[in-house]
Structures are given as structure tokens and as C-alpha cells.
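Paired with chain B in one complex and with chain C in the other, chain A is shared by the two complexes that follow.
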Partner chain A sequence: MMISNDTGLMAHLLRRAGFGATRDELEKYLALGYEGAVEVLLNPSEPNNMPDDLIRRYHVEQSELRDIAGSAAYWMYRMISTSCPLEEKTALFWHGLFATGYAKLNQARSLLNQVDMFRRSGMGSFEDLLVELSQDPAMIVWLDNIENHGSAINENFGRELLELFSMGIGNYTEDDIKECSRAFTGWTLGNAEYMSIRAAKDSIWPYGRIAWHFDYREEDHDDGEKTFLGETGNFNGEDIIAIIAKQESTAQFVATRLFQFFAADEVTEYGEKAIQAMMETYFSSGYQVRDMLRTLFHSDYFKSEEARYARVKNPVEMVVGAIRMAGSYQNPALGIENVSRNMLFMGQGLLQPPTVEGWHEGSEWIDSGALVERVNFVAKELSNVKSPGVRSIIDRLEAGSDAGILDPDELADGCLDLLGPIEVSEATRSVLVEYAARLGNLDLKDHLQGDLAEQRVGNMLRLVAATREYQLA
Partner chain B sequence: MSTQTKSPGISLDYVKTIGIVNNGFNGRGFANPYDIIADDDGQIFVLNRCDPARASAIRIGICNLDDEYLGEFGRGNGSGDGQFNWAVAMALDSQGNLHITDEYNHRVTTYTTAGEYVSHWGTPGSEDGELNGPAGIAFDSADNLFVVDQHNSRVQKFSVDGTFIAKWGSSGSGDGKFNLPWGIAVDSDDNVYVADWRNDRIQKFSNDGKFIAVFGSSGQGEGQFQRPTSITVDLEGFIYVADWGNERVQVLAGDGSFQLLLKGEATLSKWADEYLASNPEEKAERDVSNLTPNLPAHLNTPYHTSSQTEPYFWGPVSLTLDNQGRLYVVETNRHRFQVYQKR
Partner chain C sequence: MTTNKREKSLIVMQLSGGNDYLNTIVPYAEGKYYDSRTTVNIPQDRVIPINDQLGFNPSMGPIKALWDEGKVAVINGIGYQNPNRSHFRSMDIWHTAEPDTIGKEGWLGRAIRDIDPLGENVLTGINFGRGLPRALACPGVSVASVGDLATYGLFPDVQDEELRMFTLEAFSKMYGGAAGRDPVMDLLGQTGKDALQGADILRTAPGMYSSTVEYAPDALAQNVKSISQVFHANLGAKVLYTQHGPFDTHSGELLSHAKLWNEVAGAIGSLMEDLKEHGTEDDATILVFSEFGRRIKDNGSGSDHGSGGGAFLIGGAVNGGLYGEYPSLAEAEQIEGDLRSNNDFRSVYTNILEDWMGLDAAPIVNGQFEKFDVFKS
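Right, the complex of A and B next:
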């Protein structure tokens, strides 16, 4: 099967900057050209996602957002239905990097407010993003800045800000952590003591949850002189973040993490060149994440064969990609919570990262025994010939055939094409063709919903979902 | 303290709050309530929509104004006799039976007010008498039953046992057309009012479906609505609207002119007091907290404000009046109802 360079590259871009693409979406982006497509992705407009009023009307649990299952499902709906996939992908990236989890917070609305903040600021200045993160109520509780007082510091947030959120270990001293922490004293939430007790007790009483907002307590802030990374002054949190943002190690950290999420699990010598270019963009653009991503998507590395299928899809990409392809859940429906649970079984529960270090990505997604869950979920979605996206695939197969007849090669190649296109090894392709040949040519002429001919397409799509290549992005 | 903005023709005084969240166990409290009715004997029925994860709390709870929890009935989550998947609304007929819509199962289920399951009726579809997502439900003085058939964009009129009588409406935004309509009410002259939910307006019809008037438009101003869910009309003709998307209640005069609005001013219910009395550490911090805080600009929407401001309505989905001129506003996300007295 020959895939044109343009089509293959665009499908590659949309697997990374989105959740893959239906053929309709792919054609829309192809019409823009590669550069135009990158700009549309980088500059999200109206997302046209499933509206909140509809979700709230039918899902009371997603209106209140008291518990984790409904709250994860609420974000799922957004990912499934958005027409601005990079906005959600970037939010997911920051959610994994600044990993904040429900278990300690018991406050899903505020966690989702954090995700809103990633949408709002996730492609802007990294410095501004760190300020917003430091003022984010969910983060303040998650890393105990609520316990960080002028009279007695708590270093947890200050430590992770430097180690896990920006510069990385080895680029600062223990004294820097202390001074950094002093600067964030008084950064807390409204009614902090009451909210802290409610979070610790998982209290929903008397009238359900009360969501959180940032509060700055000047009287609890240590306004004294601090020395941080060699600079001295009466620093507040914003001053510390300004110093962090200008460090070479921060540029290296942000560029590398973006690269690993959007380009390749492993950094090769060739990939290192893209990271260097992103670091240069970091400084020349005033720390703009959007510009760093533009540099990445236009890099020779990203467009190269080496970058193709160089990432293992994370469970969210697997699940959301399959649902978008199948076109299921276009309206609020019972069962969406089960979908978000499926992701948890695959090792990635939205809003439930295991620790502050986030998820261990790459090959660990499949090493963890979740492969069967991944294959089963996608197979079920893609073999449902009632789903509008699968019906569209069937219609396209028929339209592209000679009078509705597809030989085994055409059936296998057609499915690989319309699910990606996905480039598979010759061995994989042979298995697919052999399977198709068992029942001879496929006759899609006058097909009816759910008939044997349609089921044969569904079965082929199911088989493609089980290929190694489908597991990769 | 009242949150009314002005009161040229009507005044409402806050009386009390009843409720506490119920986490899916038997016993007092509410679980994402969706509708409320007060009968002439002082019993207050609260329809708990809840969700499948807490199936045992999908039921009708009964209490009174003295904060007594009198009992509950229901058979949990599902499509069996007496069960609900997505219960929406209730109406009380002249014989004292409760008729409850289920927009997932496309049917109306009848219970006695003593909690005995009677029957259910309804067939999915769009032909006369068939239902697609029944939502609001109301009786007129002759025990005719009106059901908002939301996905068929129409109102259907039935006898009390579900025999089809009439229908009106189609999809759209013109007079007499609907976009996912929800609540319905009948006034003392047997005129019918429909909360035309996604058109952000209230429409008034004669008893046989002739269009009479339309009130409201999209917005946050006085007399404007964001997804109104429920209506009730008092004997003087004042129209009370649950302005759900704006997290408030508005009262209009019979000609549709704006009269006043309520944002909610809930206080601790008796049940809430008892919870806090047994959790003194939580109570101590609550007592010194500001539960009506100023919020950052990015949280300045009705939904976010209510999610952070416990006394305000959050999800004021339905309202009803009793025979003493009391208004009951039930809140899905706060598991309680607030009571106001008309002066």
C-alpha cells in the first residue's frame, strides 16, 4: 500500500497534535497544507465541544462533579468532541507533568478548574503558566503549600517546583529550595482551614462540595530578603518564577518533556537537534510554549521516518482516538463513566495520576499488562457497525471499490488507510490479507446495517486495532 | 437578608432550608434532586435523580416543613417496574397519585403517595402518544395530563391513564416551536406554560395548545434566561421560573414583566446542624469562614460562583408552590430545597 507523503505526514501530525483523525478531518487538514494545519492546531478557536448545558442536564453527577468517575467522564466528553484537539492534548500534557490527583484533594471541580487553566495558559508563556500553577488551589493543596507559612515553611511545593516542574534535580541547592519556599508563603486558598479539613475528611456535608479559589494572605507571607540561584532580594513567588524561567536548565527541561510527549518516547542524537532548536525558541520567544511546539512540528526530525510510530499511545490517546474514529458518544449517554474507568484499567485514570511524578509513559503503557484492555476496548469500538464513524468507513470502502466488490488486499489496505493511514510491516499486512481471504471477496453492494458484509468490515477493523502499529502514535 | 433586587408587585421572604446530601444510603437527605411537590397535607415529595453509581438513592423522599423525614420509596436504577434511569419530573393528580417521567426509559411511572407502585406507560417513538425523552409533566383542573416530549419537540396531552388526546409543537425557535423543552405548568385558568429550555424562554399556550405569548430571551439580565428548567404560576398569575443556567429564580408578572429575582440564601438545615454538632472540628472552622467570598475574575460565572458560594442556588432545577403561598426551590447540586414565603 502506497501512502502519499503529504497524507502520511498529516496523519502523523494529527496523531501527535490530536487524537488521530477520521478521514473527513484528515481531508480538512490536508486542504490547509501542513503549515496551515499546524497554525490551526496551535491557535485554537471555538472548540465546538459537547456543550456544558447538555452534559449538566443529563448527567447530574457531571453537573455537581462530586466524585472522580463523573469528573473524568466530563473531561472525556470534551476530548471526544473538541475540534481543537491540540488544546486538549496540551492540557493532558501539563496534567501529566504537573500531576495533581483527586485522591488527596477530594475536590474534582477544582481539579477541572486546573485543567481549564491549562487550556487557557498551556500554550502561552511558561513563566506565566508557572505563576498560574503556583496560584492554582488544587496544586496548593496537593503539594501542601496550604501548610507553607511565614512562621514555618513547608518545602514540598518549592522542592517539586524546581525538581519536577522546571529545572530538574542537580541545578539548585537545598538552600535554594528553602528560599524558594519562603517566597510562596501566604499563597493559599480562601477559607483554607475549613477547606483543608473537608479535604482531609473527604467531607461532602452538609450540602456537597465547595470549590476552591486562590487567596493571598499578606500577613502570612515572609517578605524578608532571600537569596535564590545567586540573586538576592525581597522576593515573592512571581520573582522566583522569573528567575527560574530564565535558566538554561528550565529551557532544556521544558523542551525535552514537550519532545517526549509530542515527538518520541526516546531522545536520539537526531531528536536532540529538535530539542536544541526548541530551547532556542524558548528564549527567543519569551518562553512561549506555542512557539516551541511550532518549532518542533516543523523540525526535520518530526517529519522524518524516525519519528513515525516512535511513541506508544497513552491510554487516553487510545480510548479517545477510538471513540472519535467510531463517532460514538455524540450525545450525553449512560456508560461514559465506564469509558473513563477503562482508561484507568489501562493504567491512566484521568485526574488520578499515581504520584506527583505523573505516569510512566512509553513502553511501560504496554508492559504493565494493559495490552489486552487496550486491544479489547478499541476492537469493540471499531467493530460496532452501528457507530456513525464506522458506517462512514464502510461507505467510503464501498465508494472507493469497483462496483462494491473488494478483494482481500483491497479490504485490508482500505481499512488500514481509513484508520490512519497506518503503515504496517509486510508481515502484519499479510496476516490481515490472509484473514480477509478466508471469506473471499467482500461484496458491499446494497449493504444493510449490521449485515454480514458490514460485519466483515467491522472484523477487519477489529483486527487492525490489534496490530502493533495501531498501538503506536 | 433577601437577595431580591426590587419588588413592585410581589415580595418573597426567605423562610428556611431543608436537606443534606445523601451519599446513596437509606435514610434522610437528598441525592441530586430534580423535582419537588408539596401536597395539601403538608407532605413534601422530593425526586432524587442521582446516578447509577448510587442506585439505591434513586427514589422519592418525603419530608415536611418541620424537618421531619417521613420516608422514601422507589425501586432503584433500571427499567423494571417502578425503577428509573433518568427520572425528571413529577405531577400529582386529583386522586393523590404521583406520576413521574423517565427521559431514558421514555415512560411515565405512577406511584401512590404512600409509595406503592401502580403502573407505567409509554412507548418510545414519535407517533401520537409515543414519547422520546419525556421531561416536564403537569395536570390541569380536569386531570388532563401534559407531558413535555423533549426530543419530539412537542407537548402531548393525555388522560390520566395515558390515553392520547392532543399534541402541539415542532422543532425550532419561532412561536409554538421548541428546542429541548423541559418544565411545564398549568395556571388556575388551565393555560399551559412551557420552559423552552434551549430557546431560553417561556411560552404560554391555551389548554388546547394555541400559542398565546412568549416571555424572555437569552442572557443574564432581568427577565432574561439561561436554560430555564421549571415554572410554576400562583393564583394571582405571577410566574416563577427556575433560571437554571443563571443559578437563580425569577418572578414575572402575568404579562411577562420582570418582578424580582432570588439568588438563594440558604442557611443550615436542621439536619445540617445535627451533622455539624457531631463534627465540632469542622464546625469550628466553618463558623469562622466566609461562605460568600469574592472570587477571581476567571471564576465569575453563575456556575462557578455557585460552586464556591454555598448559600446561593446551585442547580436550581425545579420549583413549586404550596397552598399557603410558600415557594420551594430544589437544588440538584446542593441536595436541599430553600423555602420562601410570599407576602
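Right, the complex of A and C next:
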């Protein structure tokens, strides 16, 4: 099967900068051209996502945003209905990198506020983003900056800011961690002591969770002289972040992590060139994440064959991608928490990363328990011929056929095309064609919803969803 | 790889939501208990006495019967320093054996890795229920999660059995093929084959099992029945895990707690009867635990999150009895209105790992803990 270069590349871009694309979406982006599509993705406008008032009419728990299941589903609704997928994808990227989890907070809304901050600032200046992160209430509780006092420092946030959020281990000393931590003393929450106790003593909350907000306490801030990465001054947190942001190691870290999330799990020699270019953009643009992503999406590496299918889809991509393709859950559905819980079954619960290190991505997503969950969820979504997205695939197959008749090659290739296009190995393709031949040629003429002809398309889509290639983005 | 040599297995029953230990093992001779629990208490005349101080909740009849046979170890007052009353965090702590920092690996995941370092048996650890409790999660360790044994495997929603077999065959061909093309494709291929093999083997389990024991229809009893089927099929399953709940009894506790314990005690009673019938009573030990206990004072209709719970080890290989001191209800001993645990939960883990599973416990539980001596030597 020949896939036109443009179409294949656009589908690749939308798997990375989005959650994959239906044929309608793909055509819309193709009409803009590659450069136009990249700009639209990088500059989110109105996301047209499912409106809150509609969601709240159906889901009390998504109005309160108190518990983890409802809050995760709330974010999933946003992902499955947004028309600005890179905005959500970038938020997911930062959520995995600045991994903050529900377990310690008991305050789901504070996590969703953090995700909102990622939407707002996640493609702007990395320096500004780190300042916002350092003032983010969920982060302040998660990494104990609430316990970081002028009289006695708590290094948890200071350490992870350098190790996991910016420069990476080996680029600073233990003394730098202490000095960094001193600079963030007094960066806390309003009514911090009480909030801290509430977070540790989770029990019934008859009036709901109490909103958290950032509070700077000058009297608790250590204003003394500090020496950080060779520079000396009476640094406050913003000064420390300004020093972090100008480090080569920070540029390397941010570029590499963006590359691994948006381009390839493994960094090859060729991929290294794209990272170098992103680092240059980091400095030339004043640390702008949007510009780094633009450099990546326009790099030769990103457009090369090597980058295709070079990432294992994470569970969020599996679940959200399948739902967007099937066009299911376009309206609030009771029991939606059980749908979003599938991500957790596959190893990635939204708002509950296992540790501050986030999830181990790439091939670590794959184990036999998780693979069964991945295949079963997507196979079930895409084989449901009642779903609007699947109906649209059936209609397109019929429209593209000779008088409604598809031979086994046409059925297999047509499904691969409309679900991606997805390129598969010759070995995989021959199994798909053999499967398509089970009941001979398919006749879609005068098909009726749910009849055998339609169901045969559903069966074919189920098997395509179960291929090894479908596991990759 | 499967083995026909029967070896010792651990069956874990997690009581999710925070079991009210005060109303489970009831300090019925303590005036302070009735003073604090003015409504949510078990009256003296309804307690099943263990001794003149403590007694079982009246819903625990089948456990009392096993107690009388010397097969129940009641471990009082276990927990950890600086108790955390968050369900998620506290459960994480129990799962990762790491109270101070956020742990990365589950204690049973580590145990499975030690038992089967090459991952030769995809069924060494099995969770009965969807998803994977963190206790079983460990990088490189494959654990099957069985929602329903009868339909476990790929494409459970395909009703037409012929179509399903045809689809599975195609799946098997797609995940076979020559290795060495690409490491990720190879990993996917191997994992797909493992998943199929695991499902094929697991599906044989119910057919290899017969028993006169009738399990109750509730979800826990049905999961425990699946555990028994898999355990008796000799598939090399060493850790079989399930959970039940919700034990988060903030309101209407007396009714809901009784129902839950009826189910837990019933499932344990049926399982032990089943093991006896198969002559395997000495080959499995059941661990029952919860993430925390509940507040000493009730709230009028239920009880709020507390600390200082307890655990149970049950089986033919267990030296029945009371272990660990029951936490004092004296006000001076309380932590902000909660019970103070006397014993670290990792003591129990150490006992199980070393004396039941034959593993080196310290690297799994992150340190040395004085252990109980619950198992018969």
C-alpha cells in the first residue's frame, strides 16, 4: 500500500502533537499544509471542549473535583473533546515531568489547577514556567516546601528542582541544593500549618476541600547571602531560577525530555542533531518551549523514517486516541470514571503518577498484564459499529470502493489507511488480509447499522487495533 | 514454565478503605472503648470472646472456628510511625514498605522478582481484580490481572466463540514471527505471546478443579474461588492477591462493617475448607491487612480515619494466637485521638518473606525488622 508522503507525515505529526486523527481531522490539517498545521497546533485557540456546565449536570463529583476518579475523568473529557490537542499533550508532558500526585495531597482540584497552569504556561518561557511551578500550591505540598523554613530548610523541593525538573544530576553540588533550598524558604501556602495538617489527616470533609493559594512569607524567608552555581547574592527563588534557566545543562535537559516525549523514546545519533537544534532555539528564543517544539517538528529527524513509530504510545494516548477515533463519549456518560480508569489499568493513572519521577515511559509500558488491557480497550472501542467514528470509517470504505464491494486486500488496507494511515510490516499485513478473507469479499452496498457487513468492518478494525504497530505512535 | 511441584503460596486479601480494627478485634472489657464508642460499638454480649479482654466481631464466626483450630494469628497494633490518614498515601506505604519517602517498587513485586528473576513464569504473581495494586508493581515484573477468570484474556467482549478463536489465532501469528528486527517490536512480540500463554494456562485452571465447597455469590468470595482454582492447578502462582471493600465506614458503620466482615470471614472459611478438602492446608497462607484503623471516638454513625490497625495470618502452617500488644486506649497513649501502633508492619512482612517464602527480607522491606514468629517451624 502506498501512503502519500504528505498524508503519512501529517498523521505522524498528529500522533505526536495530538492523540492521532480521524480522517476528517487529517483532511482539515492537510488543507493547511505541514507548516500551517504546525502553527495551528502550536498556537491553541478556543479548544471547544466539552463545557463545564454540561459536565456538571451529569457528574456531581466533577463539579466538586474532590476525588481522584472524577477528576481524572474530567481531564479525560477535556482531552477527548479538545480541538487544540497539543495544548493537552503539552500539559500531559509537564504533568509527567513535574509529576505531582494525589496520594499526598488529597486535593484533586489543586492538581487540576496545576494542569491549567501547564495549559497556560506550558508552551511559554521555561524560566517563567519554573517560577509558576515553584509557586504552585500542589507542588508546594507535594515536595514539602511548606516545611522549608528560614530557620530550618527542607531540601526536598530544592533538590528535585535541580535533579528532576531542570539540570539533571551531576551538574550541581550538594551545597548548591542547600543554597537553592534557602532561596525558596517562605514560599508556602496561605494558612500553611492548617493545610498541612488537613492534607495528612484525610478524613471526611463535610464542606469539601479548601482551596489552596500561594503565599510568600517574608518573615520566614532566609534573605542572607547565597552562593549558587558559582554566583553570589541575596538570592530569592526567582534569582535561582534565572541562574538555572541559563545553564547549558538545563537546555540539554529540556530539549531531551521534549524530544523523548514528542519524537522518539531512544535518542540516536541522528536524533541528537534535533536536540542540538532545540538547544540553540532554547537560548535564541529566550527559553521558549513553543519555539523548541517548532524546531523539533520542522527538523529533518522528525520528518524522517527513523522517527516514525519510534515511541510506545502511553496509556493516555491509547485510551484518548481510541475514543477520539471512535467518536464515542462526545456527551457526558454516567460511569465515565470506569472508562478513564482503563488508563490506570494500563499503568498510567492521570493525576496519580507513582512518584515524583513520573512514569517510566517507552518500552516499560509493555508487560503482559498491561498489553492485555491496551489491546482489549482499543479493540472494543474500534469494533463498536454504533460509534460515530466507526460509522464514518464504514461510510468512507463504501464510498472508496467499487460499487460497495471490497476484496480482502481492500478491506485490510482501507482499515489501516483510515485508522492512520498506519504502516505495518508485510508479515502483519498478510495476517490482516487473511483475516479479511474469512467470509470472502465484503459487500457494503445497502448496509444497515449493525448488520453482518458492518460487523465485518468492526472485526477488521479490532484486529488492526491489536497489531504490534498500533501500540506505537 | 509451569511446575508441578507444589510450593508455598501467599494469598493476600486487602481490606481497602481502612478497616475499623476496634470493632474487628473488640476490647470488650475496656470501659474506655464503650465510653468512646457511644453508638458505633459491639455490645459485650454480642462479641465472640477470644479471652477475657478481646473478642471477635460477631460477623467473624468462620474465623473464630479457624481460631479454635489454631490456624489464625491475630496481629494487634501494627502500623508505622507518624501515621498518615490518607487512604492513598497510607496504602502506598503498605504497598511499598516505605513510610518516609515515596517508594518506587511494590514489596510483593520485589518478592516475585526474587522468586522468578528471569520472568520465566508469567503467572508467578496474579492479581484477581482489574488493574495492578502497587504492592505487585515492579519494573520488569509481569503480573497478570484477572478481572474474571472465566473470560480472562484477549478480546473478552467477542461473543461469537468461533470468531474469537479466529481472532486469537490471527493475534498469535501477528505477535510471532522472527525476532531481531527491532528491540521494541521483539518485546511486543514476546509480551503478546506471554499474554496468550498466560491466558491459555489460566483458562485451564477451572477445568482442573473440583470441589464440594460452595463459595458465596459476593465479589470477594468469587475472586477467592478463582484464587483457589488457580492455586490448585499448580501453575506456579506464588502470590495471589485480591481486595475487598469499601471499609471506609464514615457512616452507617454497624450495618456495612458487619456485611463486609460476613463476606471476608465467609470467603476465608470457604477457602480454608477448600484447602482442607484438597489436602493443601499447609501450602497456603492468607494475609489480611488494611491501610489504617479508625478513630477511637465514633462520629455518631461511623468512624473517621485513624491509625493503629491490625492484620491476620491464617493457614495450616500458622501458629494460631495473639501477637503484638493491643494498643492502649488510655488518653496519654493516643496520637491525636487515634491508637498508637506498637509494631511496625514490616515485621509482619519480614516474617512472611523469610519464614514462609524463603526470601531475604531486608532488601525487600528496606531494612531489618524484628519479626514475629507466626509460622510453625
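Of note:
By definition in this document, the second predicted complex is superposed on the first by the 469 of 473 C-alpha atoms of A that agree within 3 Å, B and C clash if a C-alpha of one lies under 4 Å from a C-alpha of the other, contacts with A are read in each partner's own complex, and residues count from 1 in each chain.
Operating definition for what follows: a residue touches a chain if its C-beta (ideal position, glycine included) is under 8 Å from a C-beta of that chain, and two chains touch if they have at least 3 such contacts.
Everything quoted here is computed from the prediction, not taken from an experiment.
When both complexes are overlaid on chain A, the residue A:L344 reaches chain C alone and has no touch with chain B. Once the two complexes are overlaid on the shared chain, A:T428 sits against chain C while remaining clear of chain B. With both structures placed on the common chain, the touch criterion links A:K201 to chain B and to chain C. Contact with neither chain B nor chain C is seen for A:K313 once the two complexes are overlaid on the shared chain.
Partner contacting the larger number of chain A residues, of chain B and chain C: C.
Of the two partner chains placed by the overlay, only chain C lies in contact with A:S363; chain B stays clear of it.
Within the superposed three-chain model, A:D67 lies in touch with chain B and out of touch with chain C [touch as defined at top]. Judged by the touch definition given at the top, the superposed model places A:R468 against chain C, while chain B stays out of reach. Residues 201, 203-204 of chain A are contacted both by chain B in one complex and by chain C in the other.
Residue ranges on chain B touching chain A, taken from their complex, read 19-21, 23, 32, 34, 49-53, 85-86, 103-104, 180, 182, 197-198, 227, 245, 266, 268-269, 271-272, 275-276, 279, 281-282, 285-286, 288-291, 293, 295-296, 298-299, 303-304, 307-308, 310, 314-315, 332-336.
If you check the complex, the residues on chain A that touch chain B are 52-53, 56-61, 63-64, 67, 69-70, 109, 113, 116-117, 120, 190-191, 193-194, 197-198, 201, 203-214, 334, 337.
Contact residues on chain A toward chain C in their complex (touch as defined above): 68, 101-104, 106, 199-204, 265, 312, 341, 344-345, 347, 352, 354-357, 360, 362-364, 366-369, 371-373, 375-376, 379-380, 383, 425, 427-428, 431-432, 434-435, 438, 459, 462-463, 466-468, 471-472. The residues of chain C lying in touch with chain A in their complex are 84-89, 92, 102-104, 122, 127, 130-132, 134, 137, 139, 141-145, 153-158, 163, 166-167, 170-171, 173-175, 177, 181, 183-185, 187-189, 191-192, 194-195, 198-199, 250, 295, 299, 304-305, 336.
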